[in-house]
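We call the chains A, B, C and D, going by the order they appear; numbering starts again at 1 in every chain.
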Amino acid sequence: MPLEPTLACQLNNIHLRNPLVLASGAMGVSPTLLMRVARSGAGAVTAKSCGPQPREGHPNPVMAEWAHGLINAIGLSNPGVDEEVAQLIEAQTQLTTIDVPLFASIFAGSAQEFGEVAAVISAAHPALIEVNISCPNVHDDFGLPFAADAKSAAEVVRSVKNAVGTIPVAVKLAPNVPDIGRIAQAVVAEGADVITAINTMPGMLIDADAQQAVLSNRSGGISGPALKPIALRCVAEIARSVDVPIIGTGGVITGRDAVEMLMAGASAVGVGSAFWYRGAEAFALILDEMKEFMIDHNIRDIGQLIGKAL
Amino acid sequence: MKHTGTFTACKVVTIEKLNAATSRIVFDRDVDAQPGQFLMAWLPSLGEKPFSLFTRSPLSIVVVDVGPFSHALQTLRIGDSVWIKGSLGNGFTPEGENVLMVGGGYGAAPLYSLAKACREQLMHVIVCLGAGTSSSVLLRDEFDRLDCQVAVATEDGSAGTKGLVTNVVEDVLRREHIDTIYACGPTGMLTALAKISHKHKINYQFSWEAHMRCGMGLCGSCEVSPDADPSLPAGWLACFDGPVFRKHWNAVY
Amino acid sequence: MPLEPTLACQLNNIHLRNPLVLASGAMGVSPTLLMRVARSGAGAVTAKSCGPQPREGHPNPVMAEWAHGLINAIGLSNPGVDEEVAQLIEAQTQLTTIDVPLFASIFAGSAQEFGEVAAVISAAHPALIEVNISCPNVHDDFGLPFAADAKSAAEVVRSVKNAVGTIPVAVKLAPNVPDIGRIAQAVVAEGADVITAINTMPGMLIDADAQQAVLSNRSGGISGPALKPIALRCVAEIARSVDVPIIGTGGVITGRDAVEMLMAGASAVGVGSAFWYRGAEAFALILDEMKEFMIDHNIRDIGQLIGKAL
Amino acid sequence: MKHTGTFTACKVVTIEKLNAATSRIVFDRDVDAQPGQFLMAWLPSLGEKPFSLFTRSPLSIVVVDVGPFSHALQTLRIGDSVWIKGSLGNGFTPEGENVLMVGGGYGAAPLYSLAKACREQLMHVIVCLGAGTSSSVLLRDEFDRLDCQVAVATEDGSAGTKGLVTNVVEDVLRREHIDTIYACGPTGMLTALAKISHKHKINYQFSWEAHMRCGMGLCGSCEVSPDADPSLPAGWLACFDGPVFRKHWNAVY
């Protein structure tokens, strides 16, 4: 009988029972939903991104499946940070009972505003604050994502780091940049403790019969299977460029996908769209498949996989 | 259950008025689905809204005109397209020998395919239909033709028993042994029925509604709170875990 | 009997019998192969990108299929512009006999060198010179693609326009930029006559069993089905930003895909990976499907589709 | 024909020396393929090279040690993995009643499955094997066991007729009516055989080699020039249109 492999790991100073992290915005939009996903096996859960003010998001259709992935333009629906912090405090109380860390996620329209939102959200004492500088779906309201440019990305991080004290800060990067490694370097230089990569890739579905874009927002963010090689490449570039842990996110649907993400240099693995492809038990299925892979390949500790393919 | 999140253009083959505000729309294709699953219907430039499957072969829906989108659906002409994403969610499963179905308003629609499936399995089916007034009672003849035992309640008493359909349900339960209660309709009705089912410890399968955006379990907007029925687990999503919630009193699974 | 729909169209001042253009680098690497693809139905054929010096390209593996597309890192193998111009003259002689326009494609390491290569290639009198500022697979040799930055993209175009006289110039853009519309504006401001969008998207495949990247170059360019929504979105952005014709390229495998690309704002449609998915008759199959769509939707002239979904 | 461009790890089940420089490697899976199709074998950190399928069930290849990659393949141990992309390309199809197969060097390998398929259809199969010297003659016993009529030619005369295999072919054609000539081997041999086939107006199917990179018809590096056989169309790609090229004298298609 082979020994049960160890999936527990560290992300910065955070202990995770396993490296799977619920990606921001995917299902976990309320304390009860965060708790549900935590119970279903997640090593940590990230809340939906919240901003300074409440946002309704875009009208329907906001999401569709296509042959090779999903696309969404939910439009950062959220109750605004004042309501959100109350929800995160509630979530935190519940999650503590089962020892699953809570990650907050924030966005804003300027570096200063990022700092303000971060300060408010700190009151919930999340294990990590993820700074979403890369949402592709709110272009009209916020202009280009901050992740587009190393300088503005760095300013956001500086502002957030000043606001949150000792809470570690992750920066979530976008794939549609020429040199993601350079942006990672810029944010790490300002003290980013973790990089999350990647957010969805901008895309558009057109229905030829309707002669129209499918999403009401026309363009949206691609997630799921088609995103995986894009994410692997971004994670590998970042791993070669900086020395902080990475939450590798994008197209992880199976245990093998998760293993590949670790091999690309990720220390933890974000999972979102997998709920659609694998159902409510997605996390448990992925974890079982990771264990099976580790047993087959005689790997005892999940840490051994990190960066193997670099 | 089969799910698809990809939109497909479906052409209207027939569109038939069931009453002043309600139409049945039949499309030019079949879907692989169970009674109680739903779909998202998209009309370009207008929006996208959830509807229960009425029949799966051919695909048809029953639409009540309550606002701009459901109105637009009713003004479609034969040959026009509706873009359909689905089937989605988890539907009803036939269980027991003697079953009760409770439909409030267009809630009767998803029960029709279920009743048909139950009757094919030679189950005894009692149907209680609730509505505001007699002209809003939906699908009564259709259930009759399946040899279901049909009871009607209207709030104004213009057909059947006067009052809420839940009263009729209580009557039935006093008279008959029921294995499973199926229901679809307004949340208030379902909450009341859940209380009744709990009191009598009868298994039930209710189809819950909630505001749907993605319809695919990812946006989190269709969470139904256990306030509506304490048996609902926390974090229950109508589009992903439901719309049908099942309660088994002696569940071994 | 419905009338046969018209597929003939104009791209800048170039007449095309149909809007399908062989994408650069896919199969058409010799005069005989260009001629072969032209005979198989292409409206125009683009030659493989050539640079100032001969390049062998990367060692094998250089290409693989994955569940949702292809990935390649051929590495811009080419015989160098001096040999290439001789080949294009030969190709031109043959293509003229069947009236299929030839597009050249060039790359280089600096704006000045782009101009030099363009000047040499002009001797073949291609109907269009496509400036490839977006190849993702030669990072180590050339640094960041010029398409990464509006300013350097514009410099390249200026240099090429000066070198080629009246031959129209297309600029081929990359999808991994934050704002492709802005780059399109910058190159059009310098006189770009056509935009080709997009080149492949950077990605990486990892084989978990091998614990390695699959391509010898590790990262490569994603083409085929997974690329389509990314390309549609880029084309739509460009169409909203500039007023020159677009060769919409990326993931066109069926006639419906081509129709969607036109609806997104393209005036012509690039086709590459389709050979793998549809076989040698890819162009004929796509054209038949386009005609069928036009007949079904009562569209007489292909021009009616352009920009329909914008 | 079935094609796949995705790499799959295949484990070596047996590895057997056929002669000093040649091994047969058998893997732990089957592929869906026709005789004459090929695959790309990848050894991480070492490279990726084309090989013909020897058998498809189980998947096996015959490898001659001519350089670093083919050498490394022969030093694999049981349980080691080779990553295989394929099958690729277009293979041979059995045609006629009386057929001749000509194998030069490891060119005998893809002919073996073809000979088996032809014999199963009760065709009469003559096999001519060419090699430098007797110890390099490949698969002679295997063809014998299929009840093929086997003739051998070696350049040094150490086995069979002395000289080129094309001389043996000319002999056969003088004696027998042949419906189809199949061949695989060095380009020079195929060019000579194409001339012979043209002279006699015999249908043929030859498997051509060229330098392969993508193996998938997109990089354009495996073009075979009509100089090698004027019947080859211009722009013919060994990996995509071939490796097998078919010539029919009375082709109606």
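A few remarks follow.
By our rule, a residue touches a chain if its C-beta (ideal position, glycine included) is under 8 Å from a C-beta of that chain, and two chains touch if they have at least 3 such contacts.
Since this is a predicted model, take the numbers as computed values, not measurements.
If chain A is disregarded, contacts among the remaining chains split them into B | C, D. For the pair chain B and chain D, the distance between C-alpha centroids works out to 63 Å. Centre-to-centre separation of chain B and chain C, using mean CA positions: 51 Å. Chain C and chain D, compared by their mean Cα positions, are separated by 36 Å. Looking at chain C, residues 66-67, 209, 211-212 sit in touch with two or more other chains.
Counting partner chains per residue, chain B has no residue touching two or more of them. Viewed as a contact network, the protein chains form an open path, each link joining two chains that touch. Every pair of chains that touch is listed here: A-B, A-C, C-D.
Listing the residues of chain C that touch chain A in their complex gives 66-69, 71, 144-145, 147-149, 174-179, 201-206, 208-209, 211-213, 218-219, 222, 225-226, 229-230, 232-233, 236-237, 256, 259-260, 263-264, 293, 297, 308-309. Contact residues on chain A toward chain B in their complex (touch as defined above): 25-30, 32-33, 35-37, 48, 57, 59-67, 70, 72, 74, 77, 207, 209-212, 214, 216, 272-273, 275-276, 280. Residues 4-7, 9, 40, 42, 44-45, 47-49, 81, 83, 85, 213-221, 223, 233-235, 237, 240-241 of chain B touch chain A in their complex.
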